[in-house]
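The same chain A turns up in both complexes below, where it pairs with chain B and then with chain C.
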Partner chain A sequence: MKLSFFLITMASALAVQSCKMKSAESAAGGDAAARTYVAPGKYDELYNFVSGGFNGQVSVYGLPSGRLLKLIPVFSVHPENGYGYSEETKPMLETSFGFVPWDDQHHLALSQTNGEHDGRWLFANANNTPRVGRIDLKTFKTVEIIELPNSGGNHSSPFITENTEYVIAGTRFAVPIANQESALDNDSYKKNFKSTASFIGVDKNTGHMSVSFQIILPGMDLDLSRAGKGPSHGWFFFSTYNTEQASTLLEVNASQKDKDFIVAVNWKKAEEYVKAGKAKKMATEYYHNQLNEETHTAASEVIREVLTLDPEELKDIVYLIPCPKSPHGCDVDPSGEYIIGSGKLAALIPVFSYQKFIKAIEDKAFEGEYNGIPVIKYEAALHGEVQKPGLGPLHTEFDGKGNAYTSFFVSSEIVKWSIKDLKVLDRVPTYYSIGHLMVPGGDTRKPYGKYVVAYNKITKDRYLPTGPELAQSAQLYSIDGDKMQLLLDFPTIGEPHYAQAIPAEKIKDQSVKFYDINKNKHPYASPGEKATKVVREGNVVHVYMTAIRSHLTPDNIEGIQVGDEVYFHVTNLEQDWDIPHGFAIKHAPNAELLIMPGETSTLKFVPVKPGVYPFYCTDFCSALHQEMQGYLRVSPKGSNVPLKWGTGEQEPVAAR
Partner chain B sequence: MMNLRYLITFSLALLLALTGCGGSQDKSTEEQSSSSTAQADNSLVAAKPADADPKGIGKFRDVKLTHPLDEAMVQKGREIAEVKCTSCHRLTEEKLVGPGWKGVTDRRTPEWIMNFITNVDEMLDKDPEAQSMLELCMVRMPNQNLTDDEARAILEYLRKNDGKN
Partner chain C sequence: MKKKLSKTARASIFIAIACIVTLWFVPMWRIDLAAPQYPEGIFMQIWINDVKGDVDIINGLNHYIGMKTIHKEDFREFVYLPIALAAFCLFGLVVFILNRRRYFYIWTGALLLMAALSMYDFWKWEYDYGHNLDPTAPIKVPGMAYQPPLIGYKKMLNFEALSQPDIGGWCFITAVTLLTCVSIYEWRRAKKMNL
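So, the complex of A and B:
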């Protein structure tokens, strides 16, 4: 029944869309150019952190200009700067299943204090190999990645509580706990498959993450989630689909029921149970990788147990609220009172009231149980429904003025509506097929407002054609006035899902400009050219190298043999902003290094043939950058060429 | 639609015309753009002031020298130099990337040296002596972010290198 409805909505959407396409160009208003023009040398108003989807990275754009400022590698290797290739960064991508060089990065959450973005950290989820990463906003570097045990795919993540107490990780795929094997049929699914909601505790001062506890839920797909805020702080809300518990053809089989659930988790209560010793220790294995900013080096630790809570035993930590037709977005308004579920296949948007939900629990207004968990009566928790808002509602953001903005994938539009009286106020087309949308701070207690950005899946005719594969896009709309106004349209890299934006003032002045060379504790650092050397330990050779405008020291190295493991530990001696040096050596089956001022990075190279291997600086650093080069002589194995190195003449006699 | 395109083009042109007048630029823009030009290596084409201040440009106007040399400072200066300076400067008269250090304390005032090594970009952009060195060396000296104390220690090390007492 749901499927046929879906087909009808798709068909009608196409009809609607083809009409709207004609007016695509005329949609931008007359002053749009002025409102998005940021003059050369001027700064943007906002940082926009955008998930990279299948590129596994995070991109940073300026708003309102849409200029790309940076790509931050998180879950995917990045040969451009050596992330995942240098010896220092390799541990970052280690998991209990080995080194994983790629992931699918969907959602982002900026750290919060008192329900507002505080500009300290950015959290990112890995959808495929379940992980959460933390980016330090002083350096825009990935500084920590934690793997999640008992997870089949980390989609409803990394949403965050209002004081960054917890970052959430809810499983998109239910799987048998502890990587167990199981037959793939509906009976086995019901019996063996579980979902988990992991609460990742975040250290207030350091940002360090640890899995505090996991709630083991019945098998279903946890889709998206949001923490409560203000009065509802202490709760977490998840949307779900496939409460039908099908393991195959979910397109049809997970669209059977008229309602799935919003899963409401009382995490304060769960915390109390953990403190009271009610959690069960489960043996497991997962990786926790952290960057040490003094040694510029990441290290992995393996954690072998996790605390779990069973809501079938602990009756008052989880409740289910019926929500129409495979909800996707599950968004909490700035006041913390309203929870909006967006049924992908529904023709309405249900808005739940936190107060009514709490009262329903007190009154025991339950319609029954689902796998031992109480199900609240739909009407008992319902504030109301937005009728006929559009087709295929996905996500909702807020402006802090009582308005909600919902994205509609099928009808390619953003619809503005009033939370209190559930009236549709305005609608604008997107080009095309919007997924997520984002109001700066729109997920916090105090939205910054001013803009809403649409992140679109399809661009078709919007840009010059580039073969079969086209860019996704972002579109910036002003929400200052009563009517939304399209201001700017720009292509994005990767596939943008959720995004965050924060006023530039909260971040820009804390930006690290270089690393203090005197605080560099890298074990192979060369603090000054005098410290450079080449050390052989069996077939392992450590090259202590420095880079400064514009030479590498040593730049002539002899006595290396085929099969040696050569580690180039390159220290950038510069102490000024924006002066990285690069390092690349011919035939290295690896990547380059990009070494920031004051930093040490290491490239491993195992020559397989004798010869002379040129190496050079890859980052244009000065007028004599092209001269910043050298040679490595590689002799056959067992050769008697002695180890020898240097740059130019020997050290002159120091004044003593 | 064509009309609208013209309108957008026109309004962009109008916008450029307005900002081009200069009057609409606020102070922060000017500061920002002047600091960004300070980073660029365009000092060779910049107009040079006629008379050079032998003390250079910067906050050091009167550096008190010690006699005899402060050996603790010399030692500290040597340590700092070995991390941050000697990649490019020899202690002899020989030019490496930058000029050799021998005799620098005879060629320059103590103030000029300290201003140059702490206020690198402004000196390279405005000071005639620093600019003529840049024309010889062709590589802008990196700003190595020395503290005042570190700069003073390096000066002492340079004095030692020149046999001062």
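So, the complex of A and C:
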């Protein structure tokens, strides 16, 4: 009896033990494999440009396969190809605070024409040292970086107007303008701290950027932004938090108010004021770095003034719309009529109507002013609220069929809802804690649709464990049917925030295969082996070198002395697709070079000890790649070894 | 009357001249190459006065096996061939005006001779390129020659080569075939009339 009682207890204990929480493991739907399988040698349907977050780079994936195609260095040095290490690319990372080799890259915007992606350029923001970069989609290279004055944390950037008239740069951390110092307390914050919205004009032919004007706003955190489109073209909308204007413990102090704001900026009006001479010139200093594609060389220019507009004086350029609980995402639907603010601490999603907003301005339906800027009555601009959508709404994208897709960080899901009647239609879990989401073309007037990609903040058990530091995770869902369907997980590098995607057809055929050597205007280019030489100018030595399968010219160099500044200007003479050459020299403390066909790149090397330094091609270029090597002889300082150089049977040329 | 050309033959003179004239506007011959590293393929086109296509790439590759690089300037044929073809066309007009069967035969013979000589010359160049290799070349395969096929397909190391007439070549072949057929027709017609 006693034994049987014991057994029953044991059995029930075991039964309890075998009750487990529901696992988050989820199988993708039946045909998911077929829908994401891109056969070997076949191309993906879409290019997916993904921000790299703290790696400061942009990565390019193919969709629907999730295959990594390329890493484009933008704000971070990249020893793999010499970006930020070669003499040609160093100026790209210059700022008014010196050489900054890293940044936090959050958002991307493809250039647009008539509210559609045109496949010309990709803009990227730098959050830490406020900058905006431009990538040319013919070469997938960073060709321009502009620094932003009077900014702290360029987060609400680089969102774009529908004809790429402007790329926006809004301050996440309000700071005293003109790099002034200030005491750090709430009163000083209110008095001294400002936010700025910078409008970066983009030349419609060349893509060249310039800061057209800055609107100086009261101190608050401009979080994200979107340009109006269609009827609302001419306006820019920003979400804000910390309208409480706290300088410390924002976690608590910036979460006090029921509502912060959507800041609506009439940039067409602002443009008129600038034209009418109402903008003030402010002395400042910021860098503008551009790559010249003929010389393959970047140069920096320092700009010393900026035009500013004060919305307290110019009353009709900025209006505030109350929005619940520290809104994060601020998204405009494809029709340009609806503006969605996502209060990240709110239990609902407010949807504002552009028409109602304009009518509220006409009717002067204001509830008051905030630091001299009119605040519109919440209800006057409201189209409606999505009730109980989920927890922690962040961002919203659109499919062009009247549906919105909102990411929820806290409840870790994507929720599909109807813009017209604000009804929740479907929800799918994400693994885990989604940040941004992206529908191809979902931010344009004509979304491509078909998929939504979740860029998740937490990965945990989704892939084989790799120690404490894990890859980030993206997930691809089909949105073709009524129900969203998980198709694929793929790991990403850095920390992806926002992303963009564009049909492959809009880019692939314009991709450059190599540079025309006859158009290479690099001042130290060697257009052929006959042009190679070594020139000494004091303690500076220029080596004009060429690389072609499978030798470097010259490959034996003597007469270099300890302490010389040696510049290897390597020209890749190949004129064929996918034949880069590399260049590395023993003990070089910087990096290697990867030189594309027809290009010239320069590596600086200052030998610190005498000896013989081998150098070689690092990119497996040909059957005789391993033989593509040479030697640099370094003699003690003051040595009388004459300068000489050559390759093969060529008689070494005497020093000149 | 007996020695004069038929209407067909006289018309064929203009057709043949037209065929030959196209050679100034379209390539004569084409060699396609493919290798694992060149999935997209590379090619070379031979014109009556030039060599076009991926010649630089082919020259770059040829250095491994020590093959001479191909340069337009090395071919005296690019000077002689246009002159010879132009002369042929003028001769055709003369045949038309003189309107004699004998001249027509000679004219046809000239074209056949030119065709034969050109093919022999082409073969000789290919032999020269394929066999006269630099003894210091990095890649030496004992017994291996790299003579491209005169016409048709051949595999050499990692490369596959396909050699064939291009549009101009086909026009030339049309002219040769036409004139040969018409000559035979004329000869039979003459025989019949003599009977």
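Note that in this section the second predicted complex is superposed on the first by the 623 of 656 C-alpha atoms of A that agree within 3 Å, B and C clash if a C-alpha of one lies under 4 Å from a C-alpha of the other, contacts with A are read in each partner's own complex, and residues count from 1 in each chain.
Operating definition for what follows: contacts are C-beta pairs under 8 Å (C-beta built on N, C-alpha and C of every residue); 3 or more make two chains touch, one makes a residue touch a chain.
Note that this is a predicted model, so its numbers are computed, not measured.
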item	value
Contacts of A:Lys521 with chain B and chain C, given as first, second, both or neither	neither
Chain B versus chain C, judged by how many residues of chain A each one touches	B
First (chain B), second (chain C), both or neither touched by A:Glu574	both
Chain B versus chain C as contact partner of A:Tyr37, first or second or both or neither	first
First, second, both or neither for A:Lys420, with chain B first and chain C second	neither
Contacts of A:Ile548 with chain B and chain C, given as first, second, both or neither	both
Which of chain B and chain C A:Leu624 touches, first, second, both or neither	both
Touching both chain B and chain C, residues of chain A	548-550, 574-576, 622-624
Interfacial residue positions of chain A with respect to chain B in the complex	25-26, 28, 30-34, 37, 39-43, 514, 517-518, 527-530, 546, 548-551, 553, 573-576, 578-579, 622-624, 648, 652-655
Of chain A, residues touching chain C in the complex	548-550, 574-577, 622-624, 627
Partner chain A, residues of chain B touching it in the complex	1, 4-5, 7-8, 11-12, 15, 19, 29, 32-33, 36, 39, 41, 78, 82-84, 86-88, 90-92, 94, 96-97, 138-140, 142-145, 157, 160-161
Of all residues in chain C, those that touch chain A in their complex	40, 56-57, 60, 63-64, 138-139
